[in-house]
Every structure is written in structure tokens, then in C-alpha cells.
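Structures given as C-alpha cells follow.
Two complexes follow with chain A in common, the first pairing it with chain B and the second with chain C.
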Partner chain A sequence: MTERPFLRTFTTPAALCALGFAAAMAAVLQYSLRAYVPGSLDPGGFTLANFADLLKPLYARVFFDTVVICAVTAVATLIVGYPLAYALVHIEQPILKSTLLVIVVTPLFLGEVVRTYSWIIVLGNNGFINSILLSLGLVEKPLQLMFTSFGVVVALVHVTLPVMVIMLAAGLSHIDRDYARAAESLGAGPIRVFLTVTLPLSMPGVVAGTTTAFAWTFSAFATPQLIGGGRVNMISNLVYQLGFASFNFPFAATLCVAGLALTAVVLGLLQIAARPLQKIKVH
Partner chain B sequence: MIPRSTYQRMLGWIGRITLICIVAFLILPAAVVTIAAFNDKPILSFPPQTWSWRWFARALAYDDFRHGFFNGLIVTAWSSTIALFVGAMFAFAIDRYRFPFKSLIEGILVSPLVIPHFTVGLGFLILAAQVGLSRGFAVVVACHVVLVLPFVLRSIYVSLKNLDQSYELAAASLGATPFRVLTTITVPLLLPGLVSGWLFAAILSFNEFTASLFVTSQRTQTLPVAMYNYVREFADPSMAALSVMYIAGTAALIAFATSFLGLGKVLNIEQTH
Partner chain C sequence: MQAIPTIEQNEAAVRFDAVTKRFDDVVALNAVSLDVQTGEFLTLLGPSGCGKTTLLKLAAGFLGPDAGAISINGRRVNELPTYQRGIGMMFQNYALFPHMSVADNVAYGLKTRRVPKPERQQRVAEVLALVKLTGMERRMPRQLSGGQQQRVALARALVINPTVLLLDEPFSALDKSLRTSMQVELREIQRKLGLTTIFVTHDQSEALSLSDRVAVMSEGRIRQLGSPVDVYRAPTDQFVATFVGDNNKLRGRLLSVGDSDAVIELGSAQIKVPSERLAKLEKSAPVDLFVRPEQFCVVSANEPSAMTGHVVAQIYQGGHVDLQIECPGASRDRLLVRSAGDQAVVRWPMGATVGVSIQPGGCAAFPAE
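Right, the complex of A and B next:
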């Protein structure tokens, strides 16, 4: 005991937490293999029927939509986030830099509900964008932005942006500036320096950011629920509806398990596809 | 051929305009919600014709928001404090010792980072039903502890890595018991890491929504859940007023964290992984 003081005291609470969480995940797995008894909260016997139901067009469609929304959001967030991360790393003035940092980081702590609600006010039929367009006479009647995949993706990009920027900025800040200076001194223009030096060297950050953006979007619930309004459904919305509208907890659990498997596969593929890019290293 | 200096200036301007557009996109919702909060009319309209503070008064007086706020404080206080103790002790053990199942326990505790919150919420809901626990605060707190623990663990682990162990060795060689070394040397030196880890956990727990929606009941619903239910049922600007207060409160906390703890530290946490 004198060699490793407090070992047992310090690890027991953590082990209990791990046990509790493992039990919760095991409960999901166990429910995913149980039959649904309509009208009862208790599940029936063990069956694989839930997993067979996943292939029904209705559910397969939601899976497909979810992956498309996550992929589009991840790529759009990357495109919007890269210039911001680049500016955050390269701006020299301290005041400008910390202002930008606060603007980027604050939304991260605001929570999904407040930010989604704000987007409802921006995108709604008598919301901000439509009021401007109508008063300028650019459109005759309000544009339908709410309850569309476009609206959902715009809000999701906004929700995911801070994480993406932080991860890209972490990657960019680790690049030695001397490489860019060397390229410049050899006569490369700014665009060429960026495309041949900075961009390839920032690839690890790009891969990490895109992966995280995908996983975050997959986990989003309030944004597709409120802005999609039932017309744009992601797996998270289906899980909630099944659980709290029809009390079909076994199938909700099946969707969770299948969703986890799907994310694992997609992220695994992304890592494999990115492997050649990550080999680009100078040291 | 455009001269090089003109070309570079042009690029600089394109960069600046792009940056301004992106920052505008980031700020837009907060700006719009602020304007909407001061609109006197009960329906949304831009620009507002008349202005008033009445939605702020209404949001503050609304029972569900008040209960949600106090429930949130209860859940946040318990879960972030428990997560701090559990996380700090375990981070210490990971940093210093080798013990059986070390990486397994660590792996399980960090996994909520990649598992969607709706799955975590459903898991705790089913587990609570299976062990016959009612949907009280205990389940909500347990769920939040698990969700914020990865952040606490990482933040304290980074502080431990930066800790100079020679102070502890010096104290021990002078005859201090392990307990005395821990309380008089290690914990005081770790204090900034402990405070930022706790603050981080508290902010995340207070704002947690998706898992809370699954594990809370009418009696235990936290503020984000109460706000979500309000948005689904009503369209008046009370919610906008509450959002403005929320944004102002969070910005103040961030400003506090920046000046006292260094926002860079929060980013360093992200950098190390």
C-alpha cells in the first residue's frame, strides 16, 4: 500500500461510474434484441426481428437521410471553418485575436436549444431573412426555409462550427511557419504556398475536424426536430418518437445500436480514406 | 500581368471579406434573437414596430422556466462536483500507477464523447426502469456525471502532466505522509486545473439537452428541456428574451474563464488529443 497510496480509494468511484455506464449501454443492447409488446412497457422475448425491420424502406430512408445530412454538414462546416481557423492562427493583433476567439467559442457553450431557436427566428416564414427579402421586393411570398433539409443543414453547420474551428486551429498552429517562408523565398505566390505547403500540412486537423463534425451532427436532436418539424427526420428523432410516442423502446434501442454501428463504419472508412493524406509529414 | 503587390493586396481584401461574412454568419442568430426579444408584439415581425421589456419579465415569471432553472442548478451542482472528485482521483491514478483494467475503465469513461447523447439517455432510462428506480434526480445526475466525466478527466490529466513531481518528492523525503503530500502539495498545485475542469463540467451539464430529455420527468426537467417544450407549444418572444439572458450569462462566464483561467487552456485541452 505504501508504494501506491490511495490506489483503491481513487479508482473505485471511477470503476463504479464505468460499471454504471456499461450497464446502461448493455441495457440498450439487450432491449434491441427483445420483442415489442404493444400497450406494455415491458419487452417480450428475445428476437432478431427488430434488426430485420431496419430494412423496411421507411427506416432505411431515415438512415440514408441521416448519413447524407451528416456528410453535407461536415463538408460545409469544413469549408466555412477553414478560413476562420486560418485567421485565428495567423492574426497578430492580440485584441482582434481574442475577440475572434470569444466569438468562436461562446456558441459552443450555449446549448443546442437556444441556438436552434435563434435559427427558427432567422429562417421562419415571418422571420428575419424573409422579412428582408419581402421588404426589398426580391420575393413575392416568403421562401420556405423552415422544415427543409437546407434549413436543417444551415443550423447544423452553425452548431458544429466552433468544434471544427478549434480542431482546425489546433492543427494549423502546430505547423512550423518556416516551411511557408521557405516556399515564399523560393518565389511561390501566396496561393501556391497555401495549396502546396499549408493545406497538405493541415490535413490531420482537417480529418480530425471532419470526423468530429460528422459524429456531432449524428448526435444532434433539437435542430432536426425543431427546424425539420417532422418533415426532415434523423435517427435521433426516430428514436425519440418511437420511445415517447409509441413506447416501442425495443425498436428505439435497435435504432441506437444500428446508429452506433453505422457511425463506426463511416468514421472507419473516413480514417482509411484519409490515411494517404496523413502520411504527408515533413518530420 | 498584375503587379505582385496589387495581387497580394487583392488577396488580402478577399480574405478579409470572406472572414467578415463568416463572422456575420456566426453572430447573426444571436443578433436576430436579441432584436426579437425587445419586440412588443406577441408575434414575430421584423423590424419591430414598438419596443418593450415585457417578455423579459414574462420569461422570468414563467413557472416552467423557474423550476427548470432551479432543477438545472441542483443537477449541475451535484453532477459537476461528483464528476470533479471521481475524475480528479482517477486522473491521478492513471497518471501515476499501473493497475488491472486501467485502459478498460478509461476507455469506458471516455466513450460518451463518441456515443450520441440520445443513446446515452435511452440507456439510462431503460436501466432505471430495469432496476426499479423512478425518474428522479438520481438518474439525471448519474447520466450527467457520465457525460461530463471525459472532459473533467482530460482537463485534469493535462494539469497533472504539467505538474512538477519534484515538489512532492521533496515533501515526502522530509517525512510527510502520502496524505499530507496530497493535501498540501498536489491539490494546491492542481487547483487551476481543478477549477477549470469543474467549470467546464458545470457549463456542459447545465446546457445538456438531448440525454436530459430522455431521463427527466415533468418534475425534474432542466432548463434546456423546459425551453424545448416551450418552443414546441408557444411562439411569443418570451423564449427570445430568455435566450438573450442565456447568451449574456454564458458570455460573462466565458469572459470570467478567459481572464482568470485563460481560454487558451481550454483550447490546449483540445490540442493534446
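Right, the complex of A and C next:
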């Protein structure tokens, strides 16, 4: 092996950061194994009761809802994002291309709270959608969009879209155009080229995008808090309620640990399911 | 008697009629006309940026012309999308579908044509036998060597019985020994099937060895169209003379111009060349004389010769020896002289003073640039 004197210099800051994160994680883990003393901010003695409490229907339900909301959001983002990513990669006009890119990326630059409030304006009973539907006479009373899972998913798709589109576009742009040209030369029309060549070759990007979208939504807080309004709860909201409304830090820590473990398990399963796709060598 | 309309016997398989293609302000093809005959192996040869690949892409339909017409088997295809043209194409990087087995890659064009499964399987087996890949059906492209990948690409293009086979520098990714054997094999298959083929390359030796006809291109135009021998022996301009094969450019003077031959004075020697390109010149005008390395003859310094110089480099090539000879009186550049066999190695050592004479016939001359 050759000497790499810079390696140590460059990795030291990273190692220090990692140490900090590890210490924080250890603290959370430690809290999750302590008993809750009502009326006190200090935790009690060692116990596994917090983890047993996770199985109570009240809490298990939130975990289940979170996974469902994340899964639905990831799939919906994929469906909305794929055509956008495809257009982004295949549009040749520079102005059109950069316009599309700016539109796609903008949600990343808005604060989470600002973005969520704008969705309240759109989804509310007197909001944009309902006033249009009412004035057109399509509905008689406002549709209930706020405080529903549907509203939460819509807003989450908006947040997640930039990440999905960027990951899909990266995957799509790595597909050599000659594959599509070869298929065309062999008599395949545009739809067949897409279904038999472009789509299968873009699967690594689809898997990466969906996985990231899932993880990205799992920790959502402001969106379910404001749009769900307490009627749609995700893990982060539960942690907030227990930690900052009930001051039950040990159980809040347990929820964090369980949430982290669940994310790891789900992502691991996705990777295993996607393993056959990794064999596709696009180049 | 009334003339009976007949199908024209020599209908070109592919016809480019004054085809122009621009990319923004750059003219990639400038009113190019070219007929590719049925069953012919025609090579588009030229340096990068000469328009040869653009011409191929126009034939394939990946690009559309800005002006002019393209027809395949007498049918105008300007507006016809690629997938309806019935062409077979081999790409520089083969473009084998990485997610499909060899058999699925080859069957792809048959599936788009809705060929029933039993016939499909039979034709895939036949074409794989033709390219010597029987038994490889279930392999994935990444499990194949470069040569095998190329055979699959060829099989995939052949299995659909294309009206014309388009080859975009298919040999450039292969090492030299494999390249030669693949070239021979491709040409044998092409002859056997009588397949009209357009082949794009920047490699002049590949063009000379494979083609029925070569179109030498530069700057969006066809500079010369002819058999490999024509292009090598009788280049029509200085570009073709320089680009195709090794050549030496010498400055001479025009002595006399006749109907078919002209005589050029080079040092003490007089060389006869075709007069076609020199007709407009006045006597004693300067001309550029192109002499192939194998047309030079090295002699002892004391024998009569066209030029004298000294050997500055010897490049031993096994079957022949290339000598670089500096002749300050005749040319600013070193002369490249090719001597068959390997006697030249000992006979004309480095630094030796030698005479260089020119064998009659086969030189080309153009008005000096």
C-alpha cells in the first residue's frame, strides 16, 4: 500500500463529527432504557418497559400509519417524478431545461413551515381547490382535505419530489442513447422502446429514488403536524407530543430508537428486493 | 411500339440526393449526393468531424436532413421514423441491451415484427450459428468478450433481414489481431448474404481492405468516390492523397503537359504523371508531387538518382522496413521510404548517405498549394 499522508488529515474532522453523533445516539439509546418518573425531568432506573409499550395499539398504530404514508408518498412521488425526470433529461432546449430544473428544485429552498402553510391555503375548506370546486358547482359543500392522510401525502409528495426527480434524472442520464437507437433500428416504436429498454434500464435510479423518498418522508414533522392537525400522526409527531407535552423523555427516546430501527429494516428489505437490478450494468 | 415501363435495373439501395445538414451554424453536410448500389459494401472514410457519422445517422433516421432527399430502395424516407425503415445497425459500443440475454437481444427485432415464437427461435438459432455463437444463447452481454459482443450485435442486426446494414466504426473497440479476423468474417457474411452495407470509419487501412467502394469525406463533402485502388492510386485532390495511405509530398516543376500525361521535373529526375489535374497550369509552374513510400527506390549515393539524402531513422516492421530519409534539397519533411524484405536494415544503416529514385507510374501531382 502506498502512503497516504493526507488521508489522516482529512478524516480527522469527520471522525470527530462521527464521535459526536455516536455520543448523541448513545444518549438517546440510554434514555430509551430508563423508566419514566412522572413529574420529574430526570429518568428513573433501567427498564425494558418502554419497548413493551411500543406494542400498545395506540403507538403501534402510529408506526403502521407512518409506514403506509411513507410508502404511498414514495410511490406517488415516483409516478409524478418519473415523467419530470424523463423530460429533464431529454429536453434539448437549454432555456426550457433550466426552467424545468428550477421549478423542480424550488421546493427544496422553501422552509418547511412556509411550504406547509401554502398547502393549508390550497387545501383548506375555503382554500384554492374548494373555492374552485364550489364556484363551478362540482361539489355542494367543501371537500375535507385538511386534517386527512390524503392532504398530508399531497404535501409530502411536494417536499419529496425534488429529491426523487434529481435521483431519477441522474439514473436516466446515465443510460446511453444508443440503447434506444438500437431498439428503434430494430423496429420498436417510442412506447415499446420506453417499456422494453428505457424503463428497465432506469430501475437502479427508480430503486434509489424510492428508497430515498421513503427515508426522507419517514422523519417528516411539520407537514403532518400542520396539515394532519393531530388527526394524522406520524412518528415525529408522537415523539414531539411525548417529549414536549408530557415530558416523557424516556419513551420519546424509545420511539426514536424504534423509528430508526424500522427505517433501517425497511431500507434493508428494499435493497434486498432490488438486488437483481444491481446486476444491470448500464455502461 | 410503346415503351414498357420497367423497374430500373440499377436502382440504388440507398440514395442521398443533395443532402444538407446543419448543426446551428456548422454545416455538417453540404449538398452531398451518393448512390449506394444493392449488395455493395460502401465505406464512408474521413477524419472526425467530416460528416460521415452524420450521413449514417441520416440514413438511419436518427437525424433529419435540412435539405435534400434520402431514399431507400426507391422510397423517399425523409419523414419515415427509424423504426419503420427496416435497417440493421451496429453501433460503435455495440449497444447490446444489458438487461437481456444474448438470445433476447437477437430476438428483439423479430418480436417487434411479431414473428411467431417457433420461427423466431429458429431464426435466432440460425443467425447465432452464422456468427459462431451457438451455445451462448443464455449468456448476458457483460459475460461476453469484446469480440463475442460484436458478434451478438451483428447477429441482432442481421436476423431481421435488413434492407441495408449500417456500421458505425464497429471495430474501433477491438484489439488489432481480433479486429482483422472480425473484419474478414464480417465481409464474408456480407458477401454471402449480398447485403447492402454502409460502413463508417476513420481508419483508412480498414476502408481500403474491406470496401467495394470508398467515399472519402472532409468538411461535409465527398472528396472522392471510387474503388480502394482508385482512391489509393489516383487521388483526385491533395486531401485524399494525404489522408489515404502514407504519402510523401514533394515540390517539383511542370516541364510539359500532354493530352494524357504531364512531365514533372524533380531535381535531376523527370517523372510522368496523369495530366488531368494539371491542364490549366503554365509550363514551369510549381506542382506538388505525391509519391507513395513503396514507389521510392533507395540506391547507392554514387548511382544516378533523383535526390540524395541520409538515413535518419529505421523502422523495422518484419515484412518491410520503413526508412526516414532527410533530403534537404528536395523536401522540408523527411521522406518515408518503404523497402520490402529486411535487407535495408543492414544495407542502409543510420546516417548512411543514399540516393533516392522514383519508380515510374503511380504518382499523383496537383497544382502547388
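Here is the rule we use: the second predicted complex is superposed on the first by the 265 of 283 C-alpha atoms of A that agree within 3 Å, B and C clash if a C-alpha of one lies under 4 Å from a C-alpha of the other, contacts with A are read in each partner's own complex, and residues count from 1 in each chain.
By definition in this document, a contact is a pair of C-beta atoms (placed from the backbone, for glycine too) under 8 Å apart; a residue touches a chain by one contact, two chains touch by 3 or more.
This one's a predicted model, so the numbers in the text were calculated from it and none came from an experiment.
With the C-alpha superposition on chain A as described, chain C and chain B fit side by side in the combined arrangement.
In the superposition on chain A, contact of A:Val72 is made with neither chain B nor chain C.
For the superposed model, the angle subtended at the Cα centre of chain A by chain B and chain C works out to 80 degrees in steps of 10. Touch counts on chain A: comparing chain C and chain B, the chain ahead is B. Of the two partner chains placed by the overlay, only chain C lies in contact with A:Arg192; chain B stays clear of it. In the superposition on chain A, A:Leu143 contacts neither chain B nor chain C.
After overlaying the two complexes on the shared chain, residue contacts for A:Leu201 are found with chain C alone; chain B is out of touch. In the superposition on chain A, contact of A:Glu184 is made with chain C only, not with chain B. Of the two partner chains placed by superposition, only chain C is touched by A:Asp176; chain B is not. Overlay on chain A (Cα): least separation between chain B and chain C is 7 Å. Across the superposed pair, chain B and chain C both touch chain A at residues 189. On the chain B side of its complex with chain A, the touching residues are 4, 7-8, 11, 15, 18-19, 22-23, 25-30, 32-33, 35-36, 43-47, 85-87, 89-90, 92-93, 96-97, 99, 101, 104-105, 108-109, 111-112, 114-120, 122-127, 129-130, 142, 145-146, 149, 178-179, 182, 203-204, 207-210, 213-214, 224, 227-228, 231-232, 239-240, 243, 246-247, 250-251, 253-255, 258, 263, 266-267, 270-271. Within the complex, the chain A residues that touch chain C are 176, 178-179, 181-189, 192, 196-197, 200-201, 279-282.
Contacts from chain C toward chain A in the complex involve residues 60-62, 81-89, 91-93, 95-99, 108-109, 112-113, 140, 142, 156-157, 160, 166.
On the side of chain A, the complex with chain B involves touching residues 2, 4-7, 9-11, 13-15, 17-18, 20-25, 27-28, 31, 41, 80, 83-84, 87, 98, 100-107, 109-115, 117-122, 124, 126-128, 131-132, 158, 161, 166-167, 169-170, 173-174, 189-191, 215, 218-219, 221-222, 226, 236, 239-240, 243, 249, 252-253, 256, 259-260, 263.
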